[in-house]
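Quick heads-up: structures coming right below.
Same chain, two partners: chain A is paired with chain B first, then with chain C.
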Partner chain A sequence: MAKFGGWTGKTLRVNLSTGKIWTEDTIEKYKDYLGGTGLGYKVIWDEMKPETKPFDPESRLIFGIGPMAGTGAPCNGRTAITSLFPTCWPKPLVGTGHMGGQFAAELKYAGYDSIIIEGKADKPVWLSIVDDKVEIKDARKIWGQGIRRATAEITQELGPEACVAAIGQAGENLVPMSVIMNSYSHSAGGNGAVMGSKNLKAIGVRGTGSITIAGDKGEWEKLLKYNLSIMGANNNHAVPSSPQPWAEYFNPGSRWKASKGLRWEAANPPIDTGACDPHDLNRIAYRTNNAVTYLGDIGWSVTVRENVCTGCPIRCHPMIKVPSAKAKYGVPEIGMNTCGGLNFGRSFFKQFPDGPRGLTNVEACMVGMHMADDYGIWCNYSQLQRDFVKLYYEGTIKAKISDKEFKSYSWSKYEKGDPSFLFELLPRIARKEGELATVLGLGTGYLLEKWGLSEAEWKKDKDLVYWKMSHPKHHSNEDCGQCGVILNTQYNRDCQCHSHTNLVRGGLPIQVQKKIAEDLFGTPDAVDAVGAFTPMNTGKAKMTKWSLLRKELHDSLSLCNWMAPYATSPLKERGYKGDDTIEAKLYSMATGGKKNPEELDVVAERIFNLHRALTIRDMGTKEMREKHDTIPDWVYYDPDKKPVYTKGTIHLDKQDMQLAMDMYYEVMGWDKKTGAPTADTYKKVGLARVAEDLGKKNLLP
Partner chain B sequence: MPSEKTDKKELQPEEALRQRVAELVRVKSRDGQFTSRTEIRQYLLDRQLLPSQPKEGEPDQFQPLLVKTLEENGDLKELSGKDGVPRYYSSVYLSDSYVRLLLRKEGDPLSMIAETVRENSLVYPRPLPLTTFSHSPFDLTREEIPACLRQMADREEYADIQQTTTSIGTVYLYSTLHLDRDYASMLAEWLDVGQFNNP
Partner chain C sequence: MDNRDEKHEILERFLGSAELNHPFSRRQFLKISGVSIVGISALSPLFARGATKPLVIMEQAKGIVIADPTRCVACRRCELACTEFNDGKAKPSMARIKVARNMNFGPKGIYGQSGQGNWGNGLITQDLCKQCPHPVPCATACPNDAIVMKGPANARVVDEAKCIGCKMCQKACPWEMLSFDDDKNKATKCFLCDGKPKCVEACPADALAYVAWRDMTDKVPARMVPTAVVSPEKAASCNECHKK
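Coming up: the complex of A and B.
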């Protein structure tokens, strides 16, 4: 077997029912799927039967990590945790929780590319991995504890450099809306309860090895510097949020917040973020401030610094210090998380006494973040909170739970926007205490089913942004018209794709975006300005395919899709173009298995077609277009009844979306009628045996 | 980077002098400022690099020095403001659009607001939050901004500058030359509320 860089060559396997621990040859078995989600889908396809349920001992939980993790490639801290998703309604299907942090690199340094867990321990256990010493250890002492206590206890044993991925009480109690979290605040949503069902509290890893780079070290260093040179801020936003002397453009919505005089005020001493000329690679870490992105200008006053995943200069994970949160609510004054994790607490409230961007809003974030990150509760991209708000304000909660239970909550506190309300709600979700908390922990689809509510109604409500199968949209038409909508039809959870939004929301003028789109997709019409959408065209279909495949590629290589693909850059001298061949360059040089971008895209196509095959197999139908790739009604709705494709509206046309799906299926090589991949397409991407298996079940078009 | 000259050859005194002038302009550009002739002259005088008065019978050395400095350093540019007085900057450190902002700032604040709003409405396209003008490089006070808007409302040449208010009360400005009301309102709501709620 040829030697490769990037991979360690060993995939760790653990059967918790038997206690057996062994390894597989990664190259021999999984190289064609890279790692990450690709490896996860492959294991589920090969080893799980369609009738398996998420919490069955036979169910697999795969910590999938790719060949880029631990290499030094920018933003290589990604772990893709694939399993059946217990929140997916009406039937759990394959899904992946994505976490950053330090877990991926630490596991690689211990000598393993990925971990595949199966079986169920007869008592609570944790998995200890210290280089080649792998042990299943008694976790009864930490079972029932939160993620932070579990992490601290295991770190005490393995040493301060160890990385721990753990579940909280929510995962232990098989609450579907639960996370697996490493490094205290980097979470993978949706499969905490699968880990809990195996009686597996945590995985602690300490690795002292390293990753081999196949290529020349000097060339590798040059490539890394080049990659850094084309990076913007978080989500690859390519322009600063305010005018800077060096910058031709700016965009108030950009996550590139740095500016001379704007300081991380809670640092000691405060740190001036400065002008951050994009040519100064040593200042990349000062560009982004997501405390400001999510909290508004008050974010500057609470920022200590930005926390980080392995190999990431961007630092999208703000650490904030809010002494009043400690004084008023007793939570630690310092907290850190990003996006839905940071917003967890505040998103439950409709209003705060000091307005939407005041201190109470920040305090609610702190209370929610500390509790959710310890109990291990998942927000489902804030669908949990949106559901809660709707259910309360429409009187559904009062109608559906007992009077005694209703009165056990302080609703006046809630309506006033008092963060202490979260102390009443969140522990109950993690413990499944009472009807309300239990249904909230199920995920939207199962909640609606249990309370006899109509999913169709949820699909009409524009403010809920609920999509399908229990999950919300994630960068759909509001960002990218038809492309965003199609991407949101493709997964069994929110689609978590950022390839498209990184291009269109990065702050560049529309004409610059169009020039870049023309280079990438053959026509400037592939992108529209927000709120000035035009009918579907071939460029948009190509962009959709590119967005989807690059997402799978990143999730399989362990590169961050919240940054890559680098379609744009902050460099005027490049015409703001990035370089979407960077993944192939990194892969080729790190592993030595040379692939050009087109060849690597075929691997990504193989991986996503396998996801599609799994969905078809486990749904038991090839009618994907009708039964899976559905679009909620709110996409076609405009509150002001503005005509579609006029300026000032983001709603789309139903007939045009049918054409869009046709064009998308065509570029994917799928059957237009069913939306299922054809046998030829499966064969073309190296999945001939998958096609054979599906053919036997009459699941080919 | 022009400021990090690694060439070790010894510079002639006149050449070294020109490099110092170039460096002065670049440093100020990096800080987002033009450099005036007066500043350059004063810089040289303070360091006794230029005689305070030309020697009798000799021409002033300053103007030729400046001309030669510009010739030798392609990134250094000269431009005139509305007052006709030349300013100097480095195009490496000051972008064209920032130069335009600085020139606008030197003039009437009403015009500065209007031209900036028009440019944003045309180029991106998008409305701009009022708060933009309280930050660098505009630096208007929170009292000055509404005062400017009141004055603009009475003047025909600013009739295209309109306001829209988002659902959380943030005021955005746009130009009707490039954005219609509905579109501007939708974009303002997206920028102010939508992007927060759709991270």
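Coming up: the complex of A and C.
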């Protein structure tokens, strides 16, 4: 085998039933699937039978990492943990939990591209990886402990540089709504219980080795500087949120929050974020402040700094200091997380005594994140909390659980917005204590089934943003019209796709976006201004395919889809164009396996078609259009009854969405009637054998 | 110029350089050195030709990388820039700037309870080479005189051709700043990228700066007690100047 850079060349395999530990040649076996999700889907396709259940010993748990992880390519900290998703309703199907942090890089430095876990240990164990020394170790001492204690004890053994991915009590107790967590606060949602079912408490990694860059080091340095030069703030937002001396545009919705006079007030001493001219690459880390994005202006007063993954200059993961949270609730005064993790605690509450943007809101965040990140509870993109609010305020909880159990919760505290209510609720979810906590831990679909509630009702409620199969929307029509909707139909969990939203919600004026869209998708009509949507067209179908393929590409290469693809940039002199060939450039130079963007997109297409094939195989039907790619009713609903495609409304037209699905299936090379890939399409992307297997089962269109 | 004169010249030049941090005065030093200078040499181009005895004195470095821990965001792009742009591989364990080891729990580690790092108050200490003034502990400890001064920044660098991979230098540096490239079996250390440090360029948080050399040896706490042994020849050389 030719020597490649980027990859370490070895994939680690562990069978916890037999205790066998071995390695496979990554290049020989998985190069055509890159790593990450691609490798995960491949292993599940090859090695798992459709009837396998998530907690069966035969079930695979794949920590998929790609060739870019651990290199200097910006934003490479992603680990894609693929398994069957126990929350996926009515039948668990393939899904991936995505975590940042230091795990991906540390594993690469230890000499492994990915880890594939199978089997079930007969007692609690943890996996110790110190370079080439891999051992299964007794975890009885840390079983039952939170993630933080487990991590600390393993770190005492492996050294302070070690990275630990662990489950909390939720994962141990097979709560489907659980996470795998590394680096204090970086979680992969949805497969903690799969790890728990294997009696695997944690994976501790210490790596001192290297990843070779195949290309010339001087050229690599130039390429990385170029990549940095076209990056925006978090989600690649390309304009600042307030007027800046260097900026032609600004947009209050942007996550680019830096400005002279706005400071990380909890830094000691405080740091002024300043103007952050995009040409100044030494100030990229000050652009984003997601404490402010999520908490409002109070975010500045609590910001210590921004944190996040290996090699990422963007820092989307705020570290905040809230002394009152320690004083009142006894949680550490410093905490960090982002998005759903940051919002975990506060999202349970409908109101707070000091309003939605006050200190109690922040304290609820602190209590929630410290507990959830220790017990290892998953929010399912805050669907857990939205479900809870609805169930409580509609009286369902009172109706469905015993009076005694109902009274065991302090509902007056809850209604007032007292964060200490979380101490009553969250541990019970992790321990499956009582009816309420147990059903909340199942995920929406199973919760509704267990309590005899109608999923159809859930799909009507615009505020719930529930989509299907237990999962909510993730950047749907509110961001990107038909494109957002189609993307949300494609996965077995919330779609986690940001390619589209990074382009259209980055704050650039619509006329600039349209120019960029014309370059990328052949027509300026591929993008609409939000609230000024137009009917479906071919540009939108192309953009949807591009968004999806790039998401899979990033998840397989270990590049962050919360930044890439860099369709836009903050640079006026470039007409705000980014460069969506950057992935191919990074891949080619790091690995030495040269691919142009089109060739790399074919790999991404192979990977996503394999995800599709797995979904079809495990659902046992090719009727994807009817049974899988469904759209909730709320997408077609406008509370003000405004006509569709008029200014100020984001709802879409049902018939036009049918046309949109037709056009999408067509660009994907899938059968329009069933929404299933054709044999030809499988063949074209290198999946002829997959097509053969599906053909035997009558699962081809 | 005989050997004795040359050594005198070395000392003169050494003492003329800025910001010495010595327990004795220039005059005292000259007096001592005038009596007997045995076994002193330095590896600047000027003196290399006559240098035969153990190396203990180097000219002062011209630059140094300094860091502000309160600005560090723990991205480790400095570590990656160090090894990728200089060595063509991503290998933080041999980066000549060290962040990862303090990132989680601070310089004292998980047992030290310093309350720093991502698990504590968020403060990330970036460890950097001090480009030590005389005596340069790593150079003094090297049994093969492989740690030498190199222009244009007068950095203390590992001469790979001379390094025998014994790791004595690692036992000598109180700040644990010596790295080891186990692919080559050679020690390596910060060489200031010949005056244009890659780590400084790579920092996205303005936390690093390349400045005129200043003595940081008495400002940054040591990480360990050095245990390297100095060879008897070198110890004798030290003694020539330092004895009362």
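The rule is simple: the second predicted complex is superposed on the first by the 701 of 701 C-alpha atoms of A that agree within 3 Å, B and C clash if a C-alpha of one lies under 4 Å from a C-alpha of the other, contacts with A are read in each partner's own complex, and residues count from 1 in each chain.
One rule holds in what follows: a residue touches a chain if its C-beta (ideal position, glycine included) is under 8 Å from a C-beta of that chain, and two chains touch if they have at least 3 such contacts.
Note that the structure is a prediction, hence the values are computed from the model and not measured.
**Q** Is this a clash or a fit when chain B and chain C both end up on chain A?
**A** fit
**Q** Looking at the overlay, what does A:His279 touch: chain B (first), chain C (second), both, or neither?
**A** First partner only, chain B.
**Q** With chain A's C-alpha centre as vertex, what's the angle to chain B and chain C, nearest 10 degrees?
**A** One gets 70 degrees for this angle.
**Q** According to the stated criteria, A:Thr538 is in contact with first (chain B), second (chain C), both, or neither; which is it?
**A** A:Thr538: touches no partner chain.
**Q** Which of the two partners, first being chain B and second being chain C, lies in contact with A:Thr293: first, second, both, or neither?
**A** After superposing on A, A:Thr293 lies in contact with chain B but is clear of chain C.
**Q** With both complexes superposed on chain A, which partner does A:Pro269 reach: first (chain B), second (chain C), both or neither?
**A** Only chain C is touched by A:Pro269; chain B is not.
**Q** Touching A:Ser420, do we find chain B (first), chain C (second), both, or neither?
**A** The answer is neither, since A:Ser420 touches no partner chain.
**Q** Check whether A:Pro509 is in contact with chain B, with chain C, with both or with neither, and answer first, second, both or neither.
**A** First partner only, chain B.
**Q** What is the minimum C-alpha distance, in Å, between chain B and chain C after the two complexes are superposed on chain A?
**A** Shortest inter-chain C-alpha distance (chain B to chain C): 15 Å.
**Q** What is the shared patch of chain A, the residues that chain B and chain C both contact?
**A** In chain A, no position sits in both the chain B and chain C interfaces.
**Q** Which residues of chain A touch chain C in their complex?
**A** 70-72, 102, 105, 108-109, 152, 155-156, 159-161, 183-184, 207-213, 216-218, 220-221, 224, 228, 267-269, 271, 281-286, 304-313, 315, 319, 321, 334, 336
**Q** List the residues on chain C that touch chain A in their complex, please.
**A** 70-71, 73-77, 80-81, 83-94, 100-105, 109-111, 118-123, 182-183, 198, 201-206
**Q** How about chain B: which of its residues touch chain A in the complex?
**A** 1, 29-32, 93-98, 101, 123-126, 128-129, 132, 135-137, 168, 180, 182-183, 185-187, 190-191, 194-196, 198-199
**Q** What residues on chain A touch chain B, complex-wise?
**A** Checking each residue of chain A against chain B gives 242-249, 251-253, 259-261, 275, 277, 279, 293-294, 296, 339-340, 343, 355-357, 465, 475, 478-479, 505, 509-511, 529-532, 572, 640, 642, 647-650.
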